[in-house]
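Quick heads-up: structures coming right below.
Here come two complexes built around chain A, the first alongside chain B, the second alongside chain C.
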Partner chain A sequence: MPFETVNSKVVRARVSPQAPVLARRGAMLGYSGRVGFRPVRGQGGGMAGFLGAAVSGETNPMMATEGQGEVLYGYRGLHVTVLELDGSAPLVCEADRLLAHDAGLQTSVQFLGSGGVRAAVGGAMTGQGLFTTNVHGRGAVALLSHGGAFPLQVAGTSIGVDPQAYVGHVGQLQVDVAARMGLRDAVGRGSGEAFQLRISGSGTVYVQASEQKF
Partner chain B sequence: MQTWNPATLPADDNVNPHVFCVALSGEWFMAKGAMLAYYGDVRFEAVTAYSSVASWVAARFSSPVYVQDWVVAAGHGKVLLGDRGFDLNAYDLDDGNLTIKANNLLAFDQRLELKQSIVPGFVTLLGTGKFIASSNGPVIFVEPPFRADPDALLGWADCPSPSVHHDTEWMSASMAGMLQGAMGRASGEERQYDFTGQGTVLLQSSEIAREDPAVLRLIESQTQLLTTSQAGTLGQRLVARAQQQQH
Partner chain C sequence: MAQLTADRRVLRADLHGDRIRAASGSMVAFEGDIDFKSAGMGAGGGMRAALKRAVAGESLSLMDCTGHGRAYLAKDAMDVLVVDLAGDTLTAESQHVLAHTDGLRLDVQFAGLRGMTSGQGLATTTVTGQGQVALVSEGPIMALEVAPGQDLVVDPDAYVGCRGQLQMGLVSGVSWKSLVGEGTGEPFSLRFSGHGLVLVQSAER
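Then we have the complex of A and B:
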């Protein structure tokens, strides 16, 4: 496990030549040892990944941390949650929630939701990104959240999540943007919870204790 | 880190300091945006829409200014609440009254009655029941006599509504003519809310400013007290202030 939590908002990463770390640019707080930082593009996956990132706007300036030493990461006083991915299913989240991850993990851009114009309109109106980042492989990820993220299990049933409070998910899950209200609600006179993400299947959803993004 | 599911989530208790879980069975009033996630069969309806199917809603929610910022959650399930990552606490009222900053009130059960406080930006809960409120840092309880900074004041219970106290030095300077008019002169600590009598005052670490849309509606409704010429003067001053702040 390369990430160790120092407190709720700072993690310490052990970097070695065999295990470099990718981190959000500007998130390095301090380090010890012989460590170098090199800017990289946020999206892997070659040309397809590059195009996907350009089209979606789902990109994030990242840097590779290489060498031998210990590095502290944190960003704007946001809470940090460390997840361990076992490789069975990707982590789905927005790119700018990624504080740091094992360089061995692959990232790619994915379209969120079941598709169709209805879902697209719903996503645009809630401010929730239509495109999200998938993190594949086996390794550790440090995620940013406002107010701290907590895991909720979905097993067979479904769960409703406020799009502003949604952080990410892991597992065989289907995400639908449920815009079940009419146009009247979209302009703010109806229920404030008119737009919801309906998440069903089996897996874990991460939710933060705030409606603020950052 | 524990992964929660509907069975392991607490019933009407904190999941962690920033998240509260309501075991819903029936109806609760909830502030728009307070819901983070929910399990079960729960519907969220605007208070205005719900009042057409449940006539008691109008009797419980007695505040036209705030009604559009609230929803009724109805059904059965577990609803998770949060607000800006603030600390969340549940309070039980037993045939009592408590006034709280409207921005910090997240939810209350349908046995309680909500009314607008005389103090702008605050609402009063009356009766017996449970409500959930947020605070920036833990809540501090103090007893009157006490003067509270308006930003740090979270609410008060059982004591009379506060009066506004102005710092004596600021007042004497003001009366000496160095400062004039109420507008655009607020600069810091010269104004406090003054509590007297028996009761409890609730404080939080200083508020993180968030625009309360109801304050505009509240003040706008009070401009009906003005005569036409007074309203015109106020309009000119507001325009002047807006122009000044642009530069």
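Then we have the complex of A and C:
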């Protein structure tokens, strides 16, 4: 376990030559030991990954932390949630929610439009963007959220999530955009919940206690 | 009976075919089959309430949540507190009301001078009846007790609400120093006397 929570907003990462850590650029708060930081371009995955990230706008400037020591990470006072990925399913989230992860994990950009025009339109309408980031492999990830992310288990049923409060998910899950637009929404008297993400399948969905994006 | 449970910054609302009212747009997630619909201009209180709100400038936009399942409600990562009411009245600032169960009635009460000092508008919201109301606050809410002979003075910007037989007064600390910009930053305070609880948040708006 390379990440240890110091408090709800700061994590401590143990870095060794065998286990470097990738982190959001500028998120280092302090370190001890012999540790070096090196900017990393793109999302990994070589040239294709770099291009994908550039085209999609799903970029998050990352830096590699190498050496031997302990590093503290935090970002803008946002809450940090540490997840352990066991390699059975990728973590799907947006790139700017990644605070830090094991360098052994691979990130790739996924085009939501491959789910059909509906998914693409949905992504655009909800402000989720047309791309998300997948994190593959076995290791630990530190995710950012406003107000802390809480897990919701989905097992064969479906749940609804506010697109602004959605943080990410792990597991065999289907994400659909459900528009519940009515006349009331058109004239500005809606409930404020016109768009929802419908998530079904089995897995865990992480939701934050706020509708603020950062 | 719908059940509200606070879990730090998230409110869990368990619905069993009944209805609760929540601040518009406060749903972050839900399980089961729940419908969200705007409660209309009077926030469910009808035309009279709508009119009063318009006059008082107390804005409160609520939605009806109906169905079976569990809704997760939250607002800007603020802390959530659930208050059980058994026929008595809770007075609260409208922007601090996150949700309430069906048995409660919301009304507008003119606050007079107090509203002017804190920029809160001229009115405040009262919650009356049998049920639960969920309040949000910046930082956890402290409940400070007021007893006869033990008055309490709070900052209007930290005041969230109060409960019990309380009289509210205004304390002014304005002097010639505040006029020349050398004030303490506490020109007005609220003084509570009587018997009850005053809810205060740990931040100033």
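Please note the rule applied: the second predicted complex is superposed on the first by the 199 of 214 C-alpha atoms of A that agree within 3 Å, B and C clash if a C-alpha of one lies under 4 Å from a C-alpha of the other, contacts with A are read in each partner's own complex, and residues count from 1 in each chain.
The rule is simple: a contact is a pair of C-beta atoms (placed from the backbone, for glycine too) under 8 Å apart; a residue touches a chain by one contact, two chains touch by 3 or more.
Quick caveat: nothing in here was measured; it's all calculated off a predicted structure.
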item	value
Combined model on chain A: chain C and chain B, fit or clash	clash
Chain B versus chain C as contact partner of A:165, first or second or both or neither	both
Touching partner for A:204 - first (chain B), second (chain C), both, neither	first
Touched partner set for A:148, first chain B, second chain C, both or neither	both
First, second, both or neither for A:16, with chain B first and chain C second	neither
Contacts of A:81 with chain B and chain C, given as first, second, both or neither	first
First, second, both or neither for A:174, with chain B first and chain C second	neither
Chain C-contacting residues of chain A that also contact chain B	79, 146-148, 150, 152, 157, 159-162, 165, 189-193, 205, 207-212
Touch list for chain B against partner chain A, complex	1-6, 15-16, 18-19, 31-33, 35-39, 42, 44-46, 49, 68-69, 71, 80, 82-86
Residues of chain C touching chain A in the complex	7-10, 24-32, 34, 36-38, 40-41, 61, 63-64, 72, 74-78
Contact set on chain A toward chain B in their complex	79, 81, 146-148, 150-153, 155, 157, 159-162, 164-165, 185, 189-194, 204-205, 207-212
Complex contacts: residues of chain A adjacent to chain C	79, 146-148, 150, 152, 157, 159-162, 165, 180, 184, 189-193, 205, 207-212
